[in-house]
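Each structure below appears as structure tokens.
In the two complexes below, subunit A is the common chain; its partner is subunit B in one and subunit C in the other.
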Partner chain A sequence: MPSIVELTQSLVTGVGIGLIYGLIAIGFSVIYNASGIVNFAQGVFVMLGGMFAHSILTRYGLPIWLSAIIATILVAAVGVLVQIFVINPRWRRNAPLFAIILATLAVQLLIEQIVILTLGDQPRTYPEFTSGGPLKLGPIAIPYQLFWVLGVGAILVFALTQFFNRTPMGRALRACAQNREAAALLGIPVERMLIVAFALSAGLGAIAGILITPTQYTAYLIGTPFGINGFIAAIIGGFGSPVAGLVGGIFLGITQSEAIVFFGAGFRNIISLSLLLIVLMFFPKGLFGGFAKKA
Partner chain B sequence: MTSPNITSPKPAAPAAKFASRFDRFQVVLLGLSALAVCFALIYGGYLLTVMQMAMIYAIFCVGLNFFMGYTGQASFGQNSFACIGGYGSAILCVQYGWEPALALIGAMVVAGFFALIIGYPTLRLRGHYLAMATFSLGLITYDISIQWTSVTQGYMGYAGIPSLGIGNWTVESERGKLVVLAVLLAFAFWLSLRMRDSRFGRGLRAISGSENGAAALGVRVPRFKLIAFVVAALYASAAGSLYAYTFNFISPEAFGPAMSILTFTMLFVGGVGTIVGPIIGAVVTSLLQEVVRGSGHYQDIAYAVGLLATLIYAPKGLSALGGLFRRKKEEA
Partner chain C sequence: MAADTTNLLTVRDLAAHYGHIEALRPTSLNGGPGEFVTILGPNGAGKTTLLRAITRLIPSSGKVEFKGQDVTKFKTNELAGLGIIMVMEGRGLFSDMSVKENLQIGAYKLPGSQADKDRQLDKVFTLFPRLKERLTQTASSMSGGEQQMLAVGRALMADPKLLILDEPSLGLAPRVATEILSTLGSLNKEGLGILLVEQKAPLALKLAQRVYILSSGSVRAELPTHEIKSHHDLAKYYFA
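And then the complex of A and B:
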């Protein structure tokens, strides 16, 4: 039986990684709600966020906050490009669901290969945003980066909630989510809303990637695991609201890191995927309800 | 607009006679595939391996086509049944000394049983949920095949698997293996044709058109879906076993999630829901991979771009291209 300290420490780690999953999950649900598409290339945005931030940081010597902002904007632009060149042609033709899933997977492969060619295949990392740490609470260590993740996560969720509820554009996005035809009839430019959704979702992914890189590393292939875990988090939380996605992510993160303590690192994915299957079978709308549409 | 029917429904063929089910273009494509096999037999070398792979994947895809093409459901997890097939026959042959042919059938029984148990709850899901549940199934199997080292030998892979054969007659030469695989594929294909036009197959295609409509006409939708899933799993398991017998070695990588995506691609390139699509797709994609391999780093980029272009401009795959020409002719 693992000690209390071990359990608590893994709880802290789990919350940290879970918040990241939560941010990715929100990215999934933003696109899904606006278009009914699950963008399986979501993990690529996470990878790009870390890679771009690192490149800007090392190549141009900009401060970290500026690099982070520029990287986020760049990745959002990539999201827009993906929407315009890959998703839209299919969407207009009313392509079957499979074709869109496969197309997003192909996009992932494409972007990963371009990253290898342009930025190389070496893993890279950069220092934490605040040097020093970790904060010691008795035997438990809390890295400073965790506070950054917590803070940024809280701000983002607050901002997103405000965006979806208060601004005309956010409301238009929600209208698209509820009924696309009716939204179009009311004069909402649905295709432009889709572009906004992709930009938003890519930006969220990039922020997640920028935040996680100091504690781990980033390389061209980290997209897939982050994408899958983010999707699991989205399923657990339900596609409803930003808060639900974040809570789903934290739940998944804690489950994973406790699973490592109890069963060893090799079984981490088996446990989280089994969790996904259980949730899908018994709570198809997510643990927290939400207004997940019938697929 | 959120396409409740997952693949575009295929207009029901007027069925009846054998020849009328294919259009001429599809026959030509099938002939070209057979020609590719003959070419490999004559020239030998690496091309043999490529075509062996293509035949194995074609068997896999013929099964997958039942579930995805005719029934219109998504499964990204069929690689787990190929995994059961591959490891099942490897273990039965090496550790228990079974006949390879018998082990192939034994592994198929196990895979079919698993498909039944797993499919029963899973197939209630639809759309993205089904796609993701099955995908996670494939990932779980992959992880288990790595972690359960006492049975699967993990990353090391399982070596020393005998070649396919019955009694004293075994197929050791590479050319012989390709011939056997091609014959088995032909048998699997013939079987799939028979099933496609049976009451069962017609029921599946009705489900793909409209689940409610099919149910109203007396098709037992859940049961039909489950049977289609099991059929696909049986084909996948056979393909996995054949992989093991052909290359005499298997590792978790062979049956990883990449296999799901690759076979998915093949099915789409060939034409999902068409009769000859799986075979065409498997052959074309396998050959195409070798062609672009020459371009080094740009291999995967060329591959991804090609796939994206196919999905936009030929959404029903190569074997439906014939329809484009015909339509033009009729208009003219």
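And then the complex of A and C:
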């Protein structure tokens, strides 16, 4: 039986990784709600965020905050390109949704290969944003980077909630999610809204990647596990509001972390996938119900 | 063919297919500025298809002009900017959003300041006072009649020049349907052009100046409403 200290320490770790899953889940939800598309390239945006930030940091010697901003913008631009060159042509031809979803999977593999060819296959990392640490609370160690993840996560969720509820563009995105034809009839440019959704979603993925890289590492292959876990978090949250995505992520992160303490690292995915099945059995609409509303 | 500048809306030989099925045969119609035009016809006549083709929700052949400008190649959202707004069949409300949010989205293309949008909101509240009482309620929690009021109110938030409505009385109690259609009549008297598709012929005929009768995907007749004296007259065209 693990000790209280081990449990608490894993709780801290779980919250940290869960917040990252949450940000990825919000990215999934933004695109899904605007279009019905599950973007399986979401994980690759996480990988690109860390890779771009590392490259800018090491090649040009820019401060981390500036590298992070530039990397986020670049990844958002990649998201826009994916929408314009991969999604939109199929969207306009009324391609079946599963064909578009498959195209996003192809994008993930394509970008991974491009990264191997241009940036290499070696893992890379950079220092935490605040040096020193971790913060010691008795036997519990809290890395400073966790406070960055917490702070940035909270700010982003607040900003996104305000954006979706209080700005014309945010409301227009929600309108497209609920009834694309009615939205278009009122003058909302639905295709342009989809570009905004991809930019936003890619930017969120990039921020998640930039935040997590100092505590782990980034490499061309991290997109898939982060994408899968973010997708699970989105389903648990119910593909709904930003808060729902974040709660789904924290729930998943804590469960995985505690599963490692109780049963060992090999059980991490078994426990998280079992959790997904249980949640879907008792809450088929996700914890916050947005999934079924859309479906 | 020269552009028609006297009409608000001119539709020439508009035809649409669903796959191999011809849903709308080449159809022409027009509506003058401030005119109330009704399209009548039995189920499956192609009325909704015609409206969806005019608003570019479905691909079609033929030509659509608005105030003499060819808008055939325009996208649906661009038509709203010109002043063409449609209330679709089934209302098309954003059901998880509040009444206020639905109305705010209605003003998406309305030019001007927030004060202009607030003035437009006041106009809508004058027409449909019940919406003001339901402002924070979600659209899905309202009654059918209130939802239709919201759908029309939301369309009016865009300050349209031509309001297109697809069966606004569908599923409503006769009293509520009459109330909503009467409001449309008042708006028309203030100069708003209206193109109405309706199955409740008596109500529509009271308000419209001109009527098109559509059957089996094509226009069977175009006539001033005062020439239609009875249901018998209509049936003659429906089944001609």
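Note that in this section the second predicted complex is superposed on the first by the 291 of 295 C-alpha atoms of A that agree within 3 Å, B and C clash if a C-alpha of one lies under 4 Å from a C-alpha of the other, contacts with A are read in each partner's own complex, and residues count from 1 in each chain.
Everything below uses one rule, namely that contacts are C-beta pairs under 8 Å (C-beta built on N, C-alpha and C of every residue); 3 or more make two chains touch, one makes a residue touch a chain.
Just so it is clear, the model here is predicted, and its values are computed rather than measured.
Once the two complexes are overlaid through subunit A, subunit B and subunit C fit side by side, free of any clash as defined at the top of the document. Annotation for subunit A, partner touching more residues between subunit B and subunit C: B. Look at A:284: by the touch rule set out above, it reaches subunit B but stays clear of subunit C.
Of the two partner chains, neither subunit B nor subunit C is touched by A:163.
Shared-chain residue A:171: touches subunit C; no touch with subunit B. After overlaying the two complexes on the shared chain, residue contacts for A:189 are found with subunit C alone; subunit B is out of touch. By the document's definition of touching, both partners, subunit B and subunit C, reach A:181. Fitting both structures onto chain A leaves subunit B and subunit C with a minimum C-alpha separation of 11 Å.
Residues 181, 293 of subunit A contact both subunit B in one complex and subunit C in the other. On the side of subunit A, the complex with subunit B involves touching residues 32, 36, 38, 86, 89-90, 93-99, 101-103, 105-107, 109-110, 112-114, 116-117, 180-181, 228, 231-232, 235, 266-267, 269-270, 273-274, 276-277, 280-281, 284, 293-295. Across the complex, subunit B meets subunit A through its residues 1-3, 5-8, 68, 74, 121-122, 124-133, 136-137, 139-140, 143-144, 146-147, 261, 264-265, 268, 272, 297-298, 300-301, 303-305, 307-308, 311-312, 315.
Touching subunit C in their complex are the following residues of subunit A: 168, 171-172, 174-175, 178-179, 181-190, 293.
Subunit C contributes residues 55, 57, 75-81, 85-86, 88, 92-97, 101, 104-106, 108-109, 154-155, 158 to its touches with subunit A in the complex.
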